[in-house]
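Since the structure comes first, as structure tokens, the remarks are kept for the end.
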Amino acid sequence: MGIELIMIIILIFILLGAIIAVEIKDLLSAVISIGVVGFGISIAFLFLQAPDLAIVQIAVETVLLVLLIRATIRRDVKSTHSHINWAGLICVVVLCLALIGFGFFAMQELKFGEPAISKIQAAPSNHYLKEGLSETGSANIVTSVILDYRAYDTLGEATVLFTAIIGALAILRGIARKQKGGK
Amino acid sequence: MNGMSPIVQTVARFVKVFILLYGIYLTLIGHLTPGGGFAGGVVIASLYIMLTLAYGKKFALKFFPRRLAGSLDSVGALIFLVVACLGFGFGGIFFANFLEKSYPGAEFSLLSAGTIPISNIAICIKVASSLFLVFIIMAVARIIDKKDGSKEFKQDEEEE
Amino acid sequence: MIFPLCFALFVVGLYCVLTKKNVIKIVIGLTIMEYSVNLFLVLLGYKKGASFSDVQAPIIEPVTNLDDFFMKAVDPLPQAMVLTSIVIGLGVTALAIAICIRLYQRYGTFDISKMRRLKG
Amino acid sequence: MIELLPLFIAIPLGGAFLITLTAWKLKRLADILGVCASLPLLVLALLCIGNRGVYHIGAFLAPLGINLVLDGFSIILLVIVNVISFMAILYSISYMEQYTAKYKYYALFLLMVGGMNGVVLTGDMFNLFVFLEIASIASYALVAFGCEHEELEASFKYLVLGSIGSTFILLGVAVLYGLTGYLNMASIAQAVASMEKTWLFSFASVLFLVGFGIKAALVPFHPWLPDAHPSAPAPISAMLSGVLIKALGVYAITRVVFNVLGATSLFGIIIMVLGVLSMTIGVFLAVGQWDFKRLLAYHSISQMGYVVLGLGLGMFIIANKGPTLVAGMAIFGGLFHLANHAVFKSLLFLCSGSVEYQTGTRQLKELGGLQEKMPVTRVSCTIASLSIAGIPPLNGFWSKLIIVIATVQAAFLYPSMLILTAITILVSFVTLISFLKVLRYVFLGELPSLFKNIKDSSLFMCASLVMLSLLCISMGLLLIPGLRSVVFDPAVEVLKQGLDYGKQILTGL
């Protein structure tokens, strides 16, 4: 009983934070409520026995908040109430409701407590748990999965961060075009 | 961006050593306890961001200049790729964990997991320098409101 | 009951991205969608024991004996996936914020309806 | 040959890291590193035609670690990706002189090529998502490389839609993992074959269709493409519409639907409808365009409709246990058109780039009479326009013909297919009209005064234009020996196998 109730409380707390972040007029308070959502999720990770993720989530969340506030602080313009095109809004709301309905109906099948690996013995995670220590020598099975069993993923992930940084540098450079001056 | 009040600066100077140690601890102990390259790198990146906020841009750039951050970023990624290709050389397979792993009695010692600590360190360097680079680029880029209302975008030292 | 709630968070993010006019709000919507998928992944891997002590993080201390560790430990694979996807989310958001700053510099506003230079 | 598979990812990533480390001081080093990273890739891709194999990374067997799979279908994409990227790098040596920070452009370009190679080769669902994310982030940054008003806004719209697509794909991978407990495509295929199809399974397939549909710019999700492609620098828009929407979009849809989720007739119908919609709406939007690159962008949507129609038809017939010959013909038509479209669309974008490089404008109304001034661009542009419109000797005609024949043959079984043939012929006719308009306005007519002194573009740009047009001609007349038997037939076999692709991979190809 315990863990399910706690998770539902945390999820409702996060959902409220997200709805506030979406609907509030002032930009800075929207950014702050995103912080609320992020830290709520890192607490959820702790309850779900994922300490690795909780540390990374808190640290990444602070860096993200600093970046977001940096982008909005000097330009703290209230999101002006421009005209809402009702047609677009209605079809988006209908699309979201359809998605929610389909998702809720389809997700009944996933039981919270029984992961797929407990039903299927040949799943790779069972192997990781059994022979992780002996094969990779690392006691933290998550690190052994990241850096040894699926190290190729982490190479891809390091490249993603590298691409994002080089892309951000390329966009934020001072003068973009030389003499031609473009169109 | 010229730094905050002296109270913040003294606290930052005091706390700075502990955060750096904690980041390095997280990286090196990554394969024994929760932590690892990502967490350590992001903690060290947030240390530099804190120093930049506390002491202002000029001090932080002298402490960790932009050029060094850029090259450290690619050096970290290159080390990770070289470790992978070394596996190609020694173990014959691309990402083979070729170093000696669990020699007897090394169950939970620091160097017990072959290439995992090395990759952890490479990822820590990479994540720390790239996040600091992004913050410095965004903090440095001041937008100067020109008379005619259009905003001119000025980077400080252009490396063109 | 928990998975649909997590999916509802995803749809809140999608709604925010599709309807909001402010550029920063769109970036916030993207972050909410990233967070909800990460949470969904970790929820998939949880193994419910009788009480709190019956469930354990996938980390072997010198004291734990191996066979009941296998019964109690949570699934490590989704955690590895989420670690990667958190940093991917950070990368995409950093790039999006860089573009927003440059857009603000070029157009002078964060409102996407005023940025209608593109035709068609 | 199989041991060299990881080089397809190691070389571009290593090249990109080296370029950012060393090339900011001396300008020429970036060009040299760029070319000498993409040349071996081209040679490697041509080398691995005709053989197949599985490479287990880190010496862990199939479900444990990640494996790279080289079979007929991924060979075609590998060859296309590396040929077009070599041509684009050659082209951009002189085209990118008008931008600053050229070494960042080369680093991002090589990362995009590495990402696409990773997507095409991988045999693991989550790895497909990670490398898809690398290629997409590199292309978001490259679209906004010029930092002009339109480019920034187009790149922001592309980023928003692209990351919605990626999040849908990640949610699909998560749901599949929740259902089967595996991440490896082959093991998922086996688990799915023995699992009864619940609502959650169709929910996952809807997520995949939406996610990859956004990446492939099929009609309901296409708004980002007509803005992103014209505002990108010319070699990047050539790569984007020539290769990126194919490797990330169409390859991923076919691989996931054919080999992982199992082709059902409902999938076939949905994909065929998407193809027909993209064809018609793309071409009718394209007719009214006066901006050279925007017209080409709308045409890529309609040509992608052809490819998706061919593959959807093949899937529909396989799912209904129809004659496998007709299904093979439809899939072959789709794949052949995919290859042809990559060649002539990137050639068209490179021609528009060289026209814009010389005259500085893309509006068809302001151009005219460039035929004497720019002979190389004129010849290659005419070749490409005729082949996209489907004029007999050139390659566009053959692949459209095969698709039309496949629809006619399918019409014997399901009479409703005749509408498809009619639509295909009508759309290729409208394409012909709009490309004659392009040729008329850009090259014929009188020369406006201010273009008096322009000369043809520099050596590197002309070299890549000539090479691509030669490729266009040779693929058309099937001069390349064994083009069909060596390259395309194994690909058709792979797709026809469907779900027992997984058994083959696990038992070692």
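Labels A, B, C and D are assigned to the chains in the order they are written; within every chain, residues are numbered from 1.
The definition used in the following text is that contacts are C-beta pairs under 8 Å (C-beta built on N, C-alpha and C of every residue); 3 or more make two chains touch, one makes a residue touch a chain.
Quick caveat: nothing in here was measured; it's all calculated off a predicted structure.
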Pair joined by more contacting C-beta pairs (A-B or A-C): A-C
Centre-to-centre distance between subunit B and subunit A (centres being mean Cα positions), rounded to whole Å: 21
Intercentroid distance (Cα basis), subunit C paired with subunit A, Å: 1
Distance from the mean Cα position of subunit D to that of subunit C, given in whole angstrom: 29
Junction residues of subunit C - those touching two or more other chains: 10, 14, 44, 57, 59, 77, 81, 83-84, 87-88, 90-92, 94-95, 97-102, 104, 106
Junction residues of subunit B - those touching two or more other chains: 33-34, 36, 38, 70, 73-74, 77, 81, 84, 94-95, 97, 107-108, 127, 131, 134, 137-138, 141, 143, 153, 160
Residues of subunit A whose C-beta touches two or more other chains: 51-52, 56, 60, 63, 67, 70-71, 103, 107, 110, 115-117, 124-125, 128, 133, 139-140, 142, 146, 148, 150-157, 159-165, 167-169, 171-173, 175
Chain contact topology (line, ring, star, complete or other): complete
Contact set on subunit B toward subunit A in their complex: 26, 30-39, 42-43, 45-46, 49, 70, 73-74, 76-77, 80-81, 84, 94-95, 97, 101-102, 106-108, 112-116, 119-120, 123, 126-127, 130-131, 133-135, 137-139, 141, 143, 153-155, 158, 160
Of all residues in subunit B, those that touch subunit D in their complex: 70-71, 73-75, 77-78, 81, 84-85, 87-88, 91-97, 159-160
Complex contacts: residues of subunit D adjacent to subunit A: 9, 13, 16-17, 20, 57-58, 60, 63-66, 97-101, 104-105, 107-108, 111, 114-115, 118, 126-127, 130-131, 133-134, 137-138, 140-142, 144-148, 152, 177-184, 191, 198-200, 202-203, 206, 360-362
Residue ranges of subunit C in contact with subunit A within the complex: 1-16, 18-22, 24-25, 27-29, 31-32, 35, 38-39, 42-48, 51-52, 55-61, 66, 69-70, 73-77, 79-84, 86-95, 97-102, 104, 109-111, 113
Subunit A residues touching subunit B - in the complex, by the definition given at the top: 51-52, 54-56, 59-60, 62-63, 66-67, 70-71, 74, 133-140, 142-144, 146-148, 151-152, 154-155, 158-159, 161-162, 165, 168-169, 172-175
